[in-house]
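In what comes next, chain A is part of two complexes: it sits with chain B in the first one and with chain C in the second one.
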Partner chain A sequence: MKKIWWKILCVVLLFYTIIGGLLVKIPNLPVLGETIRNLFFHVGMWAVMMTLFTCSVVQSIRYLSKMNIRYDIYAHNYASTGILFGLIGYATGALWMNYTWADPNAPSYSFSTVARDPKLIGTAIALLIYFAYFILRQSIPDIDKRAKISAVYNIFAFAMLFPTIMIIPRILPSLHPGQEGNPALNFKDVDSTMRLIEYPAFVGWTLLGVWIATLKIRINLIKEKHFIK
Partner chain B sequence: MKKYLIYILNLLLIPFFANAQGVDNLLRSNGRIYVVIGVILIIFISIILYLIRIERKIDKLEKQNH
Partner chain C sequence: MLNKSKILTLFKKDVLLEVRQQYSFYGILLYIVATIFVLFLAIEEPEKEVWNGLFWIIQLFVCINAVAKSFMQESKERMLYFYTISSPVHFVLAKLLFNSLLILLMTALSLILFFAFIGNPVQKLLPFIGLALLGGWSLSLVFTFLAAIAAKAQQNAAIMAVLGFPLIIPQLMLLMKLSNAAFSASLTVHWVDVILLVALDLLVGLLSVILFPFLWRD
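On to the complex of A and B.
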């Protein structure tokens, strides 16, 4: 086990998140009810995704300046773990919105209005751009060429992330909260007792995401050890 | 690969299956706390499946080295 302290911190923070997240006193909001506790879980997934994509783009830039294939492996694996958390965020959001936004008396009608929500479409586009990153990688057999082209594409993909998940959904009307600022990070949105769980939760989930990504990186470093300088 | 595609599709289909009456009543009871449990389960199951996938990659690597 390399550098164990942050892995212990990760586990401790996640214990705190799950236990505290299910027990903390919540404000009484009729639309959300108890589902407001999903703030610690669903929103945490997006925090992980953003962190991992940021790590990925930093490694891509490092690859372009140093031309060492090691950084390409870092960038690729951070992005693929980021995609995993993006998909989990989408799936958890699908369940949550079914019990808050959707009208139980007219499920198919309300589903069609919910599915048009700009935040959902924007996130879907962002994830599809990152799927294209992996398809692009698979389609180039030459290792150096693949690393170079995918590093440049990764920077563009990261640049597209902000318009698709942050700018455009805030211009259009949406059911999703967070129209006026960063959802859940804004001090005015979140109850102060919930914030005590929320920030440790985000750190804990992020550490978990980085942990999984480093495992993948170590496997790929062993797999590609003949190509690394 | 096919297996994971089916898994991803299943995740996206959860809201449709959740419309079944019994599950729906359960999820709407007690201030909808079971929605939170469902969300935690989705996260847990996804991460476990991902770890199994990583382990399979390690198995393959170990076979190559021997």
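On to the complex of A and C.
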């Protein structure tokens, strides 16, 4: 039970996020209204997803340099937890969008314009890459070969993902806030009282994501203990 | 570290194989002709956006089919032989060079066939030809590396498509935006976007050189 402090911190921060996020006084903006509270939940999911995907790539690089199957287990569990948070991010974003962007009189038409949004496409590409990563893994029976080839694909795809996130906003117009960079992270976007909740919320969600990933890793390390050096 | 004559020898080997076993070359050629002919029968004189979309999607599939065999044709025994006589960096650079030339040739052919069968809505011909060649080159680089991954996984071309489509979306979107500019007299082709494409190609080349040695060893 060593290093328990960050788990306690995670629980405390998430309680603070949920209670504070629902009670804090918000600037009552037109269109957004009370839905702005979703910021603490929706944006946090992307922070977790990108953190976990980055962890996954770091573990893939470690696998290629050490050739120890343990790092492969780390890499694919971080990636699968990242996919989970990506899907939750889509769900929270869809709810939010339903109240702010969508035209209630023509839902199907407004969906096709909204789905062309660069942030949505960027995330869709990230999720597709990691779904393809898992399909590639399933297709190779040999454990060492699977670990090596999927590590190579993971690094290649991740290195291509970053230019993608830079390029696509140049091509398409966007309704999404934060056209010039990371939405909700710079100081001009977010009200100062909201920032008091926002940053602890990001840390809390990220810790939760890493916690879930480490639990999955520990289960898989036990399952595969005969193969690990 | 880089030895040009070794890369050239490996490249010549690929060309020689292609010249001796012409079925694959003519196979891709027939693939292009048949697809464009079917398109010609299905639609006549499409709008310029449709023309543009169809052109790039067909380029994508031609590229997957042309590049897929480049690593799969090498049997396990032959790979062992290459392993003893050459280095992975030379090997992958020779493959990238060969596939680039193959796709440039195929792009030129499909451009001619598109102009002949489906009409020519292009306003700025020379920039569009340049763009088509640059786009073909980008596609060939990305899919060459994915072909190496798919060949190691002992999979068919289908997994290449699954692995490659999410990666190629940004480049395709850039290419379509740039070529839309070539279709109308009022829009200008942005040089920044062209430089971005070239930079992406260089990134793919660099990643292939760094990562291929890991795939190469069993």
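Operating definition for what follows: the second predicted complex is superposed on the first by the 221 of 229 C-alpha atoms of A that agree within 3 Å, B and C clash if a C-alpha of one lies under 4 Å from a C-alpha of the other, contacts with A are read in each partner's own complex, and residues count from 1 in each chain.
Note that in this section a contact is a pair of C-beta atoms (placed from the backbone, for glycine too) under 8 Å apart; a residue touches a chain by one contact, two chains touch by 3 or more.
Everything numeric in this text was worked out from a predicted model, so none of it was measured.
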{"item": "First (chain B), second (chain C), both or neither touched by A:64", "value": "second"}
{"item": "Touched partner set for A:95, first chain B, second chain C, both or neither", "value": "first"}
{"item": "Touching partner for A:135 - first (chain B), second (chain C), both, neither", "value": "second"}
{"item": "Partner chain(s) touched by A:11 [first = chain B, second = chain C, both, neither]", "value": "neither"}
{"item": "Which of chain B and chain C A:35 touches, first, second, both or neither", "value": "first"}
{"item": "Partner chain(s) touched by A:215 [first = chain B, second = chain C, both, neither]", "value": "first"}
{"item": "Touching partner for A:87 - first (chain B), second (chain C), both, neither", "value": "first"}
{"item": "In the complex, chain A residues that touch chain B", "value": "18, 21-22, 33-35, 37-38, 41-42, 45, 84, 87-88, 90-92, 94-99, 102, 104, 107, 111, 208, 212, 215-216, 219, 222-223"}
{"item": "Interfacial residue positions of chain A with respect to chain C in the complex", "value": "64, 121, 125, 128-129, 132, 135-136, 139-140, 145, 148-149, 151-153, 155-157, 159-160, 163-164, 167-168, 170-172"}
{"item": "Chain B residues within the chain A interface of the complex", "value": "8, 11-12, 14-15, 18-19, 24, 27-28, 30-33, 35-36, 38-40, 42-43, 46-47, 50-51, 54, 57-58, 61"}
{"item": "In the complex with chain A, residue positions of chain C that touch it", "value": "142, 145, 149, 152-155, 159, 162-163, 165-167, 169-170, 173-174, 177, 193, 196, 199-200, 203-204, 207, 211, 214-215, 218"}
